[in-house]
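Okay, so chain A shows up in both of these, paired with chain B first and chain C after.
For the complex of A and B:
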């Protein structure tokens, strides 16, 4: 009863949120007037008639409410419209560019969770020792490091000075690394993934350490020590499971943060992902793409939040549904 | 015996009569002992001083690109240009110094807006409760789940087009003000949540009940009794938020959506990123400035957390 109501309420809220974001953005894009007119106003030899025809082609005629309704109707059918700049279905663009974005973010999340867990365990077990001090202080520093600065420094060191890693793009334009698409792609992923990993690991480590320190202070851990269990078993088996809960919920936030700042990551590394697609679309007022990318990112964020909420409840029986 | 006691040089009575050290003084005593917090305070002071006196001591005018005419753009750091010149021939050090006031204006401006909205919404929600509370907090949640950065980018660009041809266009730094306003509009929910939690906690505190008993007006209770006691955790949030807003503006500007007429660290990065290979100093200087500022505010917030709640951390 409680669980179902909780789920329904969350779902209703998520739906309202997605609708709200789409409506606000759609209204704003409309407030600038007809994008076709703005884009072509400086081009010589474009008649009013051509603009009218093009506007009709992209569904830009008619009043605001009708057009929002039409847009919503096609979105429900997974039809994102046609890009004005690329003249391709937006759905296809989202798929191609979205996969490139996930190719960077999923490995980064995985890697940073592993590193942060290890570092957090070491720091929490040697609390106030030199290992703890160095881990915590470097995590504090890393936590304040702007992602793009990390990217710039990585490019400077590994691409320009050492010349070992590529600084831009997802694939080589001429000679593939060792003649293989896969190896070449992985080679290009190293720096962007490293940048995102640095960005995530610092915060996750601080979180891991503080929750582990909290858990290690609890009675059941004292009981575990008292029963003579080896340290490895107490920490890795008994404490870590509970210490993991805050970290898990934070993963959702982190994923959202990474998706949200994908434009920055992808500009630093000239990576052909959703963020880069979005930047071009904003510059060129490609409104179906702007709407499409925003919707994909909002939906992914909402789903991530929903999943972490659910995971929280499933993993931790102490949580009461509200 | 009694006479002896009363005439002792350090009178117990006198000690008792001296008012106890206030919350703020106690917090400062604890803060001083926090290494991270003190480093943060030093860094923030450094940035503030740079913003105030920097423009008077900067070696060049920020819009002086005479170096380009000499053919000395992208010049390496030297005695003439301590941090080198960028691709447009500007002195990197001077432009980085002039970026400090912009950064502080962004951080303080955005958090001022966020605090005003947040305290108002959170206070009303916490004090009134019931349906109002529910509605306001759902609204706050809406702003927390929205992909803020992505929305800000689109809104800044679209707003830039909307104002063309209106009187708003002539306001200096209008674009920067839009960014500040948007950052403020999107960062109030955390403050509202914290204010609400504090108001709920304090609403039935003994000293508030006492004030109510002696007939203090609700307004006085809110502003003189509850709000000051709710301030400490809010100050921590604001310190964190200033760093966050500065970073966000830097990212917006780095992507080319900043205010072309103002000098900000993100803008310098945007203009010089193309020539990273030939003139890395032009990117590293503003990048480091952003890092130092954000780090300063984060450490400051960390120290303040410790100072205000000594029991939270061991």
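For the complex of A and C:
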């Protein structure tokens, strides 16, 4: 009975989950109908025979199970087909656009975890004081404002009024910032990362504060004070580790659901990421892209859940493997 | 650091000249300022503990005994506020000490064991981590030395195979074992005074007896003083040299354990002792029902004027409703706070 068995069981479960999602996804896309028919039937000069030929060419004429099997076989080999709109392999699109999305999401998650932990500790230590009041009120505000509004206000202030930060895109089309691709890229990241950070930090701060307030009331914290340990040890070593346990679930969700916040951010900042790609693909019925992105979301969510479970086992000795 | 704020510290130094007792609490008042008003949880309490002595503080739930004991380390939970009094321990008034000095005393000179062993150990740190951390903080010894000392203490509190226990987490231990670890944690630096707040209440009866025996034995071996807070008359009878009886935030009576049990003066002490079931009494015939104290302890948000026990007291006189009694000596080492026993009083509004 050990870590390996636990890991294998979770991996098997994850694989089953991904398989299930792939089937549902395929069934739903299939229910939309033959995309060749939908895309070309209104086009003048396209005959029924041409549609039938094209359908046969794209493998759309077989029965459901055969087509699902063929699709599954190819995605297992990382072949997601060719985008109808971009006329490029979907795998390449996922890679290029996916990296752009990670460039925004990872720094935002990291920053918001750090800020929320610090703010949560300050608020919980001075519960009902003015610092607590200001932190909780700003977190509430950040939590209730729609994300796109924060983005638009940021653009208004920093791009339109102050004119110091770019409002759209991942790179300048001409005149790179300080002549460097890296600095230019970072420069473009500031506003979208800020928008995502505001959004994530608000919720994480409220969670952090309430779980820390709860932990600081526990007997073992009073016992730690009574042992004469300094505030640094009591708060960081005894309280924070316990208070962090409920955060793990939310952090896992943030990782897994990156693509939940990506479409809005990437639309506001015209950022060439997976979220923007996804929205465009849905509008234009670019079904290989829709299916590819959906599978990426599924895998990310499953991996994030798995990592969360492992983190729980590492941080909390009470959790038994099994 | 968590330490209760002190509103009006009494700056007078501890009595010079003759050495005082190990711990002297004088006129201690701890109030909770809540939205609904001021709760006078501890309202003018005096007691002393001599070197090597065990003081039992008894009272019902809500009598202020737990808050009083936590206040000795300035640890009562917010919004507690010390509004008056002195806590003189080893010659220094702890209520005047800065946090830094307080942290040196906590766990090193005065340590505490808690009521509920299930919640008073940190669930995600191993026993070894929790014990060595305290030792290393106070003494600065090496990790290995701290581990050796922790193992030694686990043996002292009757835990077998200490090396294995040090690697375990609290959830892997039984309740009695956890309480033993809690006791070991308190004794790491050989404190002069051990505070025990209901140390056996959360345990099975058989384990209770074991833990009490252990505490009695350790007190002897380490020549340690103890403040034992409990509602259990049986526990104080077994452990305490002196007993302070508290009711609604005030002290009713303080005397040697023998005197409290054999010649109690305060009506509340008497009623409390009568309501303890006794194995040598027959509860048949005229005494079929175990006596109990009518009514309930007062709501401390709206404490009654005069003596706080007057509305439940069989001997209450009209003056008890208006006048608050002050403690006075009825015999050497025996003080009582009751107008009907000759205590002086002060008018209350």
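Here is the rule we use: the second predicted complex is superposed on the first by the 295 of 322 C-alpha atoms of A that agree within 3 Å, B and C clash if a C-alpha of one lies under 4 Å from a C-alpha of the other, contacts with A are read in each partner's own complex, and residues count from 1 in each chain.
Keep in mind that, in the parts below, contacts are C-beta pairs under 8 Å (C-beta built on N, C-alpha and C of every residue); 3 or more make two chains touch, one makes a residue touch a chain.
Here the structure is a predicted model, which is why all the values come from computation and not from measurement.
When both complexes are overlaid on chain A, chain B and chain C end up sitting side by side without clashing.
Here chain B and chain C are compared by how many residues of chain A each touches, and B touches more.
Legend: residue contacts after superposition of the two complexes on their common chain; A:32 is shown touching chain B, with no touch to chain C. Judged by the touch definition given at the top, the superposed model places A:269 against neither chain B nor chain C. Of the two partner chains placed around the shared chain by superposition, chain B is the only one that A:305 touches, whereas chain C remains out of contact. By the touch criterion defined above, A:152 lies against chain B but remains apart from chain C after alignment on the C-alpha atoms of chain A.
Looking at the shared chain after the overlay, A:224 reaches chain C, while chain B stays out of its contact range. By the touch criterion defined above, A:282 lies against chain B but remains apart from chain C after alignment on the C-alpha atoms of chain A.
Applying the stated contact rule after C-alpha superposition, one finds that A:315 touches chain C and leaves chain B untouched.
Taking Cα centres throughout, chain A sits at the apex of an angle toward chain B and chain C that amounts to 70 degrees, reported as a multiple of 10. Judged by the touch definition given at the top, the superposed model places A:80 against neither chain B nor chain C. Put simply, the nearest alpha carbons of chain B and chain C end up 11 Å apart when the two models share chain A. In the superposition on chain A, the residues of chain A contacted by chain B and by chain C do not overlap at all. Against chain A, the residues of chain C that register as touching in their complex are 1-2, 70, 73, 75, 77-78, 102-108, 111-112, 114-116, 119-126, 133-134, 137-138, 169, 171, 182, 185.
Within the complex formed with chain A, the residues of chain B that make contact are 36, 138, 141-142, 145-151, 153-155, 157-159, 161-162, 243, 247, 250-251, 254-257, 269, 273, 276-277, 280, 283-284, 287-288, 290-291, 294-295, 298-299, 302, 314. On the side of chain A, the complex with chain C involves touching residues 127, 217-220, 222-231, 233-234, 237-238, 241-242, 245, 315-318. Across the complex, chain A meets chain B through its residues 13, 16-17, 20-21, 24-25, 28-29, 31-32, 38, 140-141, 143-146, 148-149, 152-153, 155-156, 160, 213, 256, 259-261, 263-264, 267-268, 278-279, 282-283, 285, 290, 293-294, 297-298, 301-302, 305.
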